[in-house]
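Each chain gets a letter, A, B, C and D, in the order it is written, and its residues are counted from 1.
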Amino acid sequence: MSLPLEIIKKKRAEAINRIIGRGFLSTKRVYVGMATCEIAAGSKEVMNAFREAIQTGLTDVYLTQKGCAGRCNLEPTVEIVEEGKIPIKYGRVTREKVREIVERHLKKGEVIEEWVIK
Amino acid sequence: MKQMITIYVNDKAYQVESGQTIMQATDGIGFRIPRLCYHPKLSIEGACRVCIVEVEGARNYIASCSYPVNDGMRIYTNTVPLRRARRDIVELILDNHPDDCHTCERDGICELQRLAYSMGIRRRHFEGEKKNYEKDLSSISVIRDPNKCILCGRCVRLCSEVQHVNALGYANRGFQTVVMSAYDRPFSESVCTNCGQCINVCPTAAFVEKNYTQELFDKLNDSSVIKIAQVAPSVRAAIGEAFGIPPGQAFEREVAAALKKLGFTYVFDTQFGADLTIMEEASEFLERIQGNGVLPMVTSCSSAWMKYVEQFYPDLLPNVSTCKSPMSMLSAMAKTYFAEKIKIDPAKICVAAIMCCTAKKYEAARPELMVNGLPATDIVVTTREIAWMIRSAGIDFLHIEGEDFDAPLGLSSGAGAIFGVTGGVMEAAIRTAYELYTGETLIDIEVNAIRGFQGIKEGKVLMDGKEIRVAVVHGLGHVYQILDMVRNEPGRFHFIEIMGCPGGCIGGGGQPYAGSNSVPLDEEVLQKRAQALYGLDRERTFRRSHENPHVQKLYKEFLGRPLSSLSHKLLHTHYTPKEPRGIITREQTA
Amino acid sequence: MAVAGDQNIQTLQEYMRGLKSTGAPCSHLIAILHKTQELYGYLPREAMDEIALTMDIPRAHIWGVATFYHYFNLTRPGRHSIALCMGTACFVKGAADILEAIKNKLNIDFGETTGDGLFTLQQARCLGACGLAPVMMINDKIYGSLTPEKAVAILDDYASREKKGVLHTGNV
Amino acid sequence: MNAMNTLPKYIVTLCDGPTCMHQRSKTLKAVIEEELKKRGLYETTSLVLSGCLGMCNKSPIVIVNPGYTIYGGVSPEDIPEIVEEHLVKGKPVARLAIEEDYLYNRFYRVFGDVAFFGQQMRIALRNCGIMDPESLDDYLSLRGYEALAKVLTDMSPAQVISEVKKSGLRGRGGAGFLTGLKWENTARQKSDEKFVICNADEGDPGAFMDRSTIEGDPHTVIEGMIIGGYAIGAHRGFVYIRAEYPLAIRRLRKAIDEARREGLLGTTILDSAFSFDIEIKLGAGAFVCGEETALIHSIEGRRGMPRPRPPYPSQKGLWGRPTLINNVETWANIPVIVLDGADWFTTIGTEKSKGTKVFALAGNVQNTGLVEVPMGTTLREIIYDIGGGIPDNKKFKAVQTGGPSGGCLPEQYLDTRVDYESLQAAGSIMGSGGMIVMDEGVCMVNIAKFFLEFTQNESCGKCTPCREGTKRMLEILQRITKGEGIEGDIEKLERLGTMISKASLCGLGQSAPNPVLSTLRHFRAEYEEHIKNKRCPAGTCVDLLSYTITDGCVGCGLCRKKCPVGAISGEPKQRHVIDQAACINCGQCYAACKFNAIQKS
């Protein structure tokens, strides 16, 4: 019988493998806020827009939801995390903005500064 | 081992037992902290906040009813800010209570009125909107007036914890909280058994009996009617209290005299009905044990219990004796046997029953108890109502010359008298059944095993070598225990007495309100009322129902024998399951 | 008593059957009432009676609980339930004006349903969307950053879509 | 801080917590700025001062992002090397870098550069916003359930309790009772069964910390509860959560199911001898159920009416058994205390209030949202540095903390440190974390009335002072805001308020008068103005308003058309007049006027 600590370390290793298996190591990780407040502000639309982008050919992106980070009046929020770069947080994202974020940021690597939460 | 600790009350040291609440401890050393929602027989509510005290080191006031004492505790019961807070709390209650003391049923005997007076509230500071609800007049026994309710919750706790009926509950919340029955339906459509204990514990007039005194005065002044009164045993054991006499003194002949002064043509005794009940019930019991009838047989005298069984235990209705209650038996005899005797049209007779009970008002209205198309009992008034009528009619009850009850339905045995105490019916039945069964006279007729105020009492009687196991229950809250036993061990008992009210009829819902020096349901008061009835029993020449010569005469002249077909027609009845079905609670739920 | 063949009552009974064996019956009461409201949209008396008899809980007790918790409706609600947030953040940002506008528009107060059975107005105590204050929730959808005009326009939109029959039922 | 017009290449965070500040982080800042300028990097580097980062033993701390390189024990002499090697050449300075793996760090890797977040310290909310709340894998990857495993492997229940006690953690639900003490009291009881409850009946209007925590990181609450169960010897836990939070309920349910599937809940957790499971119990819209005895009654299926204490829930709680109740935020702190240690935890916060507190910042403030700061942060820092101050150039008037149980504090209290004692001393309370900022347009009498309406509505109706007393107080306030206040009303409010707070049965009643008493204390003149002069200085009490048309009127006639009662008259191009007797103060003219020619007073 193993000790709980050993078990949990094993579980963690397995969990990390599964996350990687889901594409965590993609160059860009996109987190969409999906708490009640975010959803109220329209984040479901945002999430769907990213999903559609992936379905229609956007690659090398790891898309996931996240809880509310707490910046309520700028919701919906989206984070784009890239290894070695400063994580970009977009605020008040809409379906239209997603289209641009996909085209400019995710595909071309251009940060759309005016939407960034500073 | 009781541990003694030191507490300081207003800076004076006292030795008290540990493990008590502040209220219990201070009650024992000569204090009486004002209180309202607290009741010794009910769970601690802590709601009214009248009993607050200051405790050194505590940021807030402490409700003394619920807070335990500890060693070295310094308690202050009368500081200026505390007195003001307590006064303001009582004023807040008053501010949301009708200002109609002068026209209120409980004027002069209202706990709130007493409390407000002792708090020294002479001016109002916080008056505002008052609640405004309709009175619920639907029940034939109990009136509910939410406007007078101060939400102490005693009735809710009582109905749930003591009676397990759960007809009452809180509804809504906050300032809108109201005590009502389920779905805000009329009380008459609830599971209420009409026991009236809510009236007894209510500190104000939020619950009162449906008052029939005016109807009765009208009848008494109607010369075309023959006015017959019958008086329950427990009325005589308690009515003195309504006139300021300490509990424990029986006023038997005084009641008879007062009723005659009120204008009754004949004053009969429900105890005669009780003797008659015993004749029938003992015979029914013997028939059941000898003829494979449904056992155990359960008594049927208590009106609250009868409605309870119809709603809560309809499957056990075959166990219930078919005998009518003493009241209904006597009324039936008055309108047949006696009417024939005096050659009067029964329709011209008005039978008024003076009862310790509110549920009897409901019983009197049961259609199945009609006799030859007429209601057997026309009007039921409680001990409280009759005491008021006596006073109102200008009769000096305390100096009245006693008179006898009238023949032929006024003579009773000692067995009839003890009907009013829990265990009394059983004791009376044993006295007679023993003799009917064995042919021998029972010598030791005081059956102590089934006396007293324990919730469930069990006893055994040997009749010709046959062991008869009996049980006695009082208070509806204990009923489930005994009936669970009946279900689990059908052979365990032969005969069970069940009374709806704690203590039996002496603790009925129509008895005088607790005086200023006692609390409702005070067991000491019940003991004294019981002693009064046991005293009457001991003084009687005849102590067994079958020895009552007028009962014997009734059988000889009219009924024939117990369980005769005429008896069946006039003295027995049947029961039917009633809606809404009651929910049996084994633990308290409020 | 339950109407024979009442699908909801049957679902409710099944739900209760699953609970009855576990723990004190009373401890399931609030969950059962939630289930009832989910099925009926409110707490019909027949359903409460059914709960009383199945779970052995006195009616007065059930009634006490049903009336204590404001989440429970005791009457059938309108097709669309409007929960106007009166939380502090919304209040500070003018929820009282929104309330006034809605009251004027629909002629109902909190807890009431419009005569046409279309809207029920309810008071919410913070919908947790304070960043968008003032907010209201219609059925499950939250509308934020309201002004009195915006609120009225949203209601108009519901009403007109309802007329055209493009809206489905309320609480889904 | 240097103003940035374009996105920086690097973000340098300097810990500005009390310890680091003591270690001269301010001097460091100057040195860094100088070095940056020297190398022409000043415009492309963002320099951020953060709140305490909880690495005080290695202070001063400098963090360079991206990459989240932490430099500890940095001296001014080290700065040129860091700037040259790391910021110019892109090679972190291994010599100075420290390996710190506190649970909260991960949040900073993503959010540390934004001032709003950088000033905060995320312990309870450490995972909110950086992981998928519906993924147990995500939680596990962030060292989830490691605290539980550690406890089950290395610690006895007594050791767990002693660690929690040592941490100085106090209940985050409002009262601030020492959590460890509560655990100890419950553990001490002998009983056949004990229970653990998570109070997620977040009822303060304007507070949503618990919802966010559960929606963003449900497992942390579950993990905390299991550890609590282990410590006190309970095998069943309940989460009592508002039915108004469907998403939180769904996520929690999913998290419980997944934890159960992974052997983290249920029998023999992680192959240990310990078993524990959690059920969800729904509230149904009763604020009072946040009170622990009312909550217990509600779980038992009764009306949520509190009962007198003692006995305390730790002695006789759910079904009469010893019960440990903590709120969501408290539970969320537990895994951190276990993994990062009580010693570390106690470095954060003030002497008597350790750790952080989450606030829901709302109202008239630029940045609304959830804010978690070390205890001891000032109100000013929260409202201005994190919250960005008051919008629309309006003046700050008051901040309300503690929801309906709390109080309003005026400007002179802005430097009050948020901890249990300081807020109480100022006349408010910590409460569960609502923080509403109010500008000059908010009437304090009206706000007191608002809160009292709330508590009045939520009073369970059991005890007289709360049921009847708050009603009378409300009536008086209604009178005052209608201009019908009379001499003596203030004294009555004070008399009732004091009595209610000292005599009520439960915390709800005892604190119900706080909004009134605190505004009376700090804004008494505003009350008097309403009563004596029938004037509402903030201009919000409708019945006390009057609208007048000023010289600015050009006679466009718009107000005349808008007026629903025809109270405005005037010739075109002439100054219009409002008939005060006919005016109903609806304000439509005021809103309509394009020339600001209508005055509200």
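Basically, contacts are C-beta pairs under 8 Å (C-beta built on N, C-alpha and C of every residue); 3 or more make two chains touch, one makes a residue touch a chain.
Just so it is clear, the model here is predicted, and its values are computed rather than measured.
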item	value
Chain nearest the global centroid, as defined over all protein CA atoms shown	C
Dominant chain pairing [most C-beta pairs in contact]	A-D
Chain C and chain D: spacing of chain centres that average the CA atoms, whole Å	28
Centre-of-Cα separation between chain C and chain B, whole angstrom	44
Chain centre separation (chain A, chain C; CA means) in Å	34
Computed distance of Cα centres, chain D from chain A, in Å	26
Residues of chain D whose C-beta touches two or more other chains	208, 211-212, 245, 286, 302-303, 305, 362, 368-369, 458, 460
Multi-partner residues of chain B (at least 2 other chains)	170, 172-173, 589
Residues of chain A whose C-beta touches two or more other chains	36-37, 39, 71-74
Chains touching one another, given as label pairs in label order	A-C, A-D, B-C, B-D, C-D
Residues of chain A touching chain D in the complex	1-5, 7-9, 11-12, 15-16, 18-19, 31, 33-37, 39, 64-74, 77, 79, 81, 84-87, 89, 111, 113, 116-118
Chain D-touching residues of chain C, taken from the complex the two chains share	24-31, 33-34, 57, 61, 64-65, 68-72, 86-93, 124-128, 130-131, 133, 140
Contact footprint of chain C on chain B as seen in their complex	160, 166-173, 180-184, 190-191, 580-581, 583-585, 589-590
Residue numbers on chain D that touch chain B, as the complex places them	286, 302-303, 305, 307-308, 310, 456-465, 467-469, 471-472, 475, 492, 495-496, 499, 501-505, 510
Sites on chain A touched by chain C in the complex	36-37, 39-41, 71-75
